[in-house]
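Which chain is which? They are A, B, C and D, in the order written, and residues in each are numbered from 1.
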Amino acid sequence: MTTVGVLGATGAVGQRFVQLLDDHGEFDLSVVTASPSSAGDSYREAANWGLDTPIPEETADLTVRATDPGAIPDDTDLLFSALPSDVGAAVEPELCEAGFVVSSNASNERRADDVPLVIPEVNADHLDLIDVQRDQRGWDGALVKNPNCSTITMVPTLAALDEFGLERVHVSTLQAVSGAGYSGVTSMEILDNVVPHIGGEEEKMETESRKLLGEFTGTEVDDHDAVVSASCNRVPTLDGHLENVFVETRDDPAPEDVAAALADAPTLDLPSAPDPLIEVFEDPERPQPRLDRMRGDGMAIAAGGIQTTDTGIQYNCLAHNTIRGAAGASILNGELLARDGWL
Amino acid sequence: MTTVGVLGATGAVGQRFVQLLDDHGEFDLSVVTASPSSAGDSYREAANWGLDTPIPEETADLTVRATDPGAIPDDTDLLFSALPSDVGAAVEPELCEAGFVVSSNASNERRADDVPLVIPEVNADHLDLIDVQRDQRGWDGALVKNPNCSTITMVPTLAALDEFGLERVHVSTLQAVSGAGYSGVTSMEILDNVVPHIGGEEEKMETESRKLLGEFTGTEVDDHDAVVSASCNRVPTLDGHLENVFVETRDDPAPEDVAAALADAPTLDLPSAPDPLIEVFEDPERPQPRLDRMRGDGMAIAAGGIQTTDTGIQYNCLAHNTIRGAAGASILNGELLARDGWL
Amino acid sequence: MTTVGVLGATGAVGQRFVQLLDDHGEFDLSVVTASPSSAGDSYREAANWGLDTPIPEETADLTVRATDPGAIPDDTDLLFSALPSDVGAAVEPELCEAGFVVSSNASNERRADDVPLVIPEVNADHLDLIDVQRDQRGWDGALVKNPNCSTITMVPTLAALDEFGLERVHVSTLQAVSGAGYSGVTSMEILDNVVPHIGGEEEKMETESRKLLGEFTGTEVDDHDAVVSASCNRVPTLDGHLENVFVETRDDPAPEDVAAALADAPTLDLPSAPDPLIEVFEDPERPQPRLDRMRGDGMAIAAGGIQTTDTGIQYNCLAHNTIRGAAGASILNGELLARDGWL
Amino acid sequence: MTTVGVLGATGAVGQRFVQLLDDHGEFDLSVVTASPSSAGDSYREAANWGLDTPIPEETADLTVRATDPGAIPDDTDLLFSALPSDVGAAVEPELCEAGFVVSSNASNERRADDVPLVIPEVNADHLDLIDVQRDQRGWDGALVKNPNCSTITMVPTLAALDEFGLERVHVSTLQAVSGAGYSGVTSMEILDNVVPHIGGEEEKMETESRKLLGEFTGTEVDDHDAVVSASCNRVPTLDGHLENVFVETRDDPAPEDVAAALADAPTLDLPSAPDPLIEVFEDPERPQPRLDRMRGDGMAIAAGGIQTTDTGIQYNCLAHNTIRGAAGASILNGELLARDGWL
């Protein structure tokens, strides 16, 4: 078994990590950290457990540690980071310097030239950027990132459609409140309402997509040429980001070609990797967040509403934002790190 | 005073007509119709009044009539139609043949060559198609349509931006449940959910927009050249359609030019016409359905989130779907018909 | 294996039966019925599957039968009824006369003197009313009922507290929309709203509770003396009925005595029976519908907020209304029927 | 005109005060205070205006002052307090000592023997406690409180029913999220959920009700004898508290007697006082929060679902929690203070 820890384990994403790591076949969760005020408490006390499955008993009994290199046992093989980005920016480099491998969901350094930004089914080869990273930063450890939740939802579909020549992407998102964390969206903001703006989200989708779809040359990643314009909305759903995607393509594929390309997207043989990666629906009313966010145990992308336009195609896609879009994404990256011998 | 009636007065849109016509300065509501089973009842009994203002007392005491030319007094100057499209398709032509002028929200015949599809602030001149219509159909009456609620929300903004050369439009809608009528969306469909499809809606936005923005030659309307691709979603809001619009333009306007063009859109001097037509917000989190749907008493368009892209501009717009998008739209068309001497 | 069927298998409760019977260790689902218009279709076609787990493949391939004694194979050991009460009233007696044993969720005949109304953990002995029933009606089959969803939520707690001398019950319910079926509550009725009335529900709670808590004398059930007054509300939750209960008791138990009585409620060794029957929370903010409705796989009762008053006690209880409150309740009754040799 | 100020004017209740005081016929709002960090800003800048009507322009241009006796002009006739209770506890006595009359919605000191807790239509005579207060505390000013929002909703109905001999009250509340302030309830807590506990609320209902219904002897208030047991729930509605009330009465009134007693509750001739005070609905599905919270411009109580039980009566009542239940309540108390010559 690989010994793992979760940094920032008491927040909304941290709890999702703890839930997903319970009974994981390869990872043994033995370290949970939180802010200094919680250090020393049991996880049961420190976490105000808010998921709809019971708190995992073994983790509940762990003592919460400070999020600090000195507080984490040296033999912890892999750390998952659910830290806020400002804390991540401060602590993750220290941990990597101290020799830890960190698979992080925090947004800091996602765009850094020597930090791999990875969705295993899309760009597993970018992991080799770790060599460049270690070289440049003198680290024994490593820092690997997964993209933002709204980006992850779309990019596997774009990767599957790149064979038709991606040229231009317009995307509107309908994002669930859990993406903002437990207290990120108040009830008075969102009941009977939509908020048509999520700070920084549009830029993340535009830049992270191009890096993920880019080509790793051996020393760096060349961004994909396609321009992405995003419009991001918060809607009154709990979990599951739905996205309307319009893609202008070089070729002129028929809807059935598009459906086939999505349905046949390559999958990986990793514990958390879904098969198929993308579930394609014929019913134009699907996918829907509540009905389809748990496809593939929350790790699959659901797609539907495929149509052609005069300049390309349009379709909808959906993923569970705190599983495939956050905690599950980091865990899958961790499984890839383990398989490829980086731990 | 102009004597008016409402066809289909007991449904969700019909009730909105009744609410808006209460205390209207120029229109006197004296006729309400419904399905044969309600004919003879008082409106109070027939309508299961569901709006959050009390039922207007004078209308409550009216006796409901059948939706039938023979049941409507000849001296009714103007009829508003809140009929379902299949009923409208059967009854509206009969009424026009019998000499009534009908301002209709029903979707039947919106695309007919000789039926004016009108938003007064956008294409008031299309009303002259009535001469063509009377000529071709031999009617003494007239049939005028307002567009679909999702189309009305966007088209005033597109009209204001046409000075920059509209070439291509991508739009995603986040539509309120009231757009589907009182029983159109069940609670189990929409709580904690989004439905990414509204039957026929995308096609309506694509075709109606081009007709509205088209040029009236004196005998027909030449559709605008811009291609519109729409993706329509139902979200858990009660009223107010929010739309994310991406426009490719010939010119390259700055955001402040776009804002000025929207804010300066021409207004009309009609009782229900808002001034300004378009309220422009600087705060990127606005407009929001719950906070902004009642701007201009529900008749204004709210816009915000203006940004430029590499090929044009993107922004959000919002309107109250059962006021500006349905009942209020027909009433405004009725006011235009009165002003221009068609009654 | 016991061969079972589901009557009315395409509705909201019918689908829940199909979901729960998938992979049931003792029951093999081989018959699904629906209205005549669906007979002959595959279940996949006939059901517009609306649950958030995939449709069970084996059931999906079954051919839907008419809800009619002649259409159901004689060797079907047990029928579960998810029929509307008017259809149940017409068909269930015919089926029982034809020799079938029917475990029914439909509300018809729940109050009939010779029809057992059963929650296995509360009044399993009432099942012996079947002898009376067969005697009086000349049936080879049998008809057994589970109570209404709002009643099931409360009665196991009342049974556990009867040791303190139940004298008077006031209860307010906060009921989920799924209790009204897929189309029972429209979105316009319930978004940003509460409906403080559910037709017939209050009377069901008042009469069914007393029968369930009553004593079976060998020939009939003597209702419990305690008077129940209920006030029933529909709230914007999907699943899970929450109830505020005020009980006047003969004795004067301390809160910890109440908690212990609830936590120690007897359980049964049946496949669907949860253990514990009642999960007691110390946190006064629990139970909550979304977080706690799936306790015991949706079959447990959750309780909390225990306080004493000057005349007795008050507390909250919660159960999943379409599992413990409907389909799961009938299945549990079926398991009891099987164990006790009635099939 | 009476010159008034609002303490804590930028919060959710503070904004409601500002909205309601716009165009008030007798009160001229000229002072707004907030926390020190906002002092010196315009109200437009300091308030993140969140109501669905535009910010009143005159108030928007006021300069925000610190909530401090020294910062408030001496000639301010009346101060409304929308302060949090801890701030209210610190500042309100200072202001009263400095000679200001404060009509406060804050919960501090509501139970103090010499502080009038007033609903004008219920216990206007309790205002004479001010003489006792001034005597005991040596103040030139005065402190008057309105009760908690959930209490205000119920007490006018109890007062109207006291003629039948109130003996015991059980009440369950279904309270809107706005009652907790703008950020009090997160979206993740309440979407598809109910929270069956509101800290301190049950005790407030139990004690405040008895004081409001109590008798003023000239020197003190003797609490009413009736015991109140409350169970308080937060539900996913924006505004409007709905309550299920069970009352045990000495007499045995028929439902029509109850309806008449409620409908005939005495009203007052004050600018914000509704007439009737209590609107009684025959339809058992009414009142509903979204449809009925704005009755009487948000100041009326709506009641319905009247039934008799073996020990008394049960019914539902509803009021707008931030108008009748908070800001409007304080303003109405202010109007009473003005009428009775206390300013």
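The definition used in the following text is that a contact is a pair of C-beta atoms (placed from the backbone, for glycine too) under 8 Å apart; a residue touches a chain by one contact, two chains touch by 3 or more.
Each chain and its UniProt protein: A, B, C, D = Aspartate semialdehyde dehydrogenase.
For clarity, every value in this text was computed on a predicted model and none was experimentally measured.
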A-B or B-C - the one linked by more C-beta pairs in contact: A-B
Distance-maximising chain from chain B - centres being C-alpha averages: C
CA centroid of chain A to CA centroid of chain B, Å: 42
Where chain B and chain C are represented by their mean Cα positions, the distance between them in whole Å: 47
Chain B: positions in contact with at least two other chains: 50, 191-192, 236-238, 290-291
Residue ranges of chain C touching chain D (in the complex, touch as defined): 168, 170, 172, 174, 191-197, 227, 229, 231, 233, 235-238, 242, 244, 246, 284-291, 304-305, 309-311, 314, 316
Chain B to chain D touching residues, read off their complex: 50-53, 191-192, 290-294
List of chain A residues in touch with chain D within their complex: 12, 50, 177-178, 182-192, 236-238
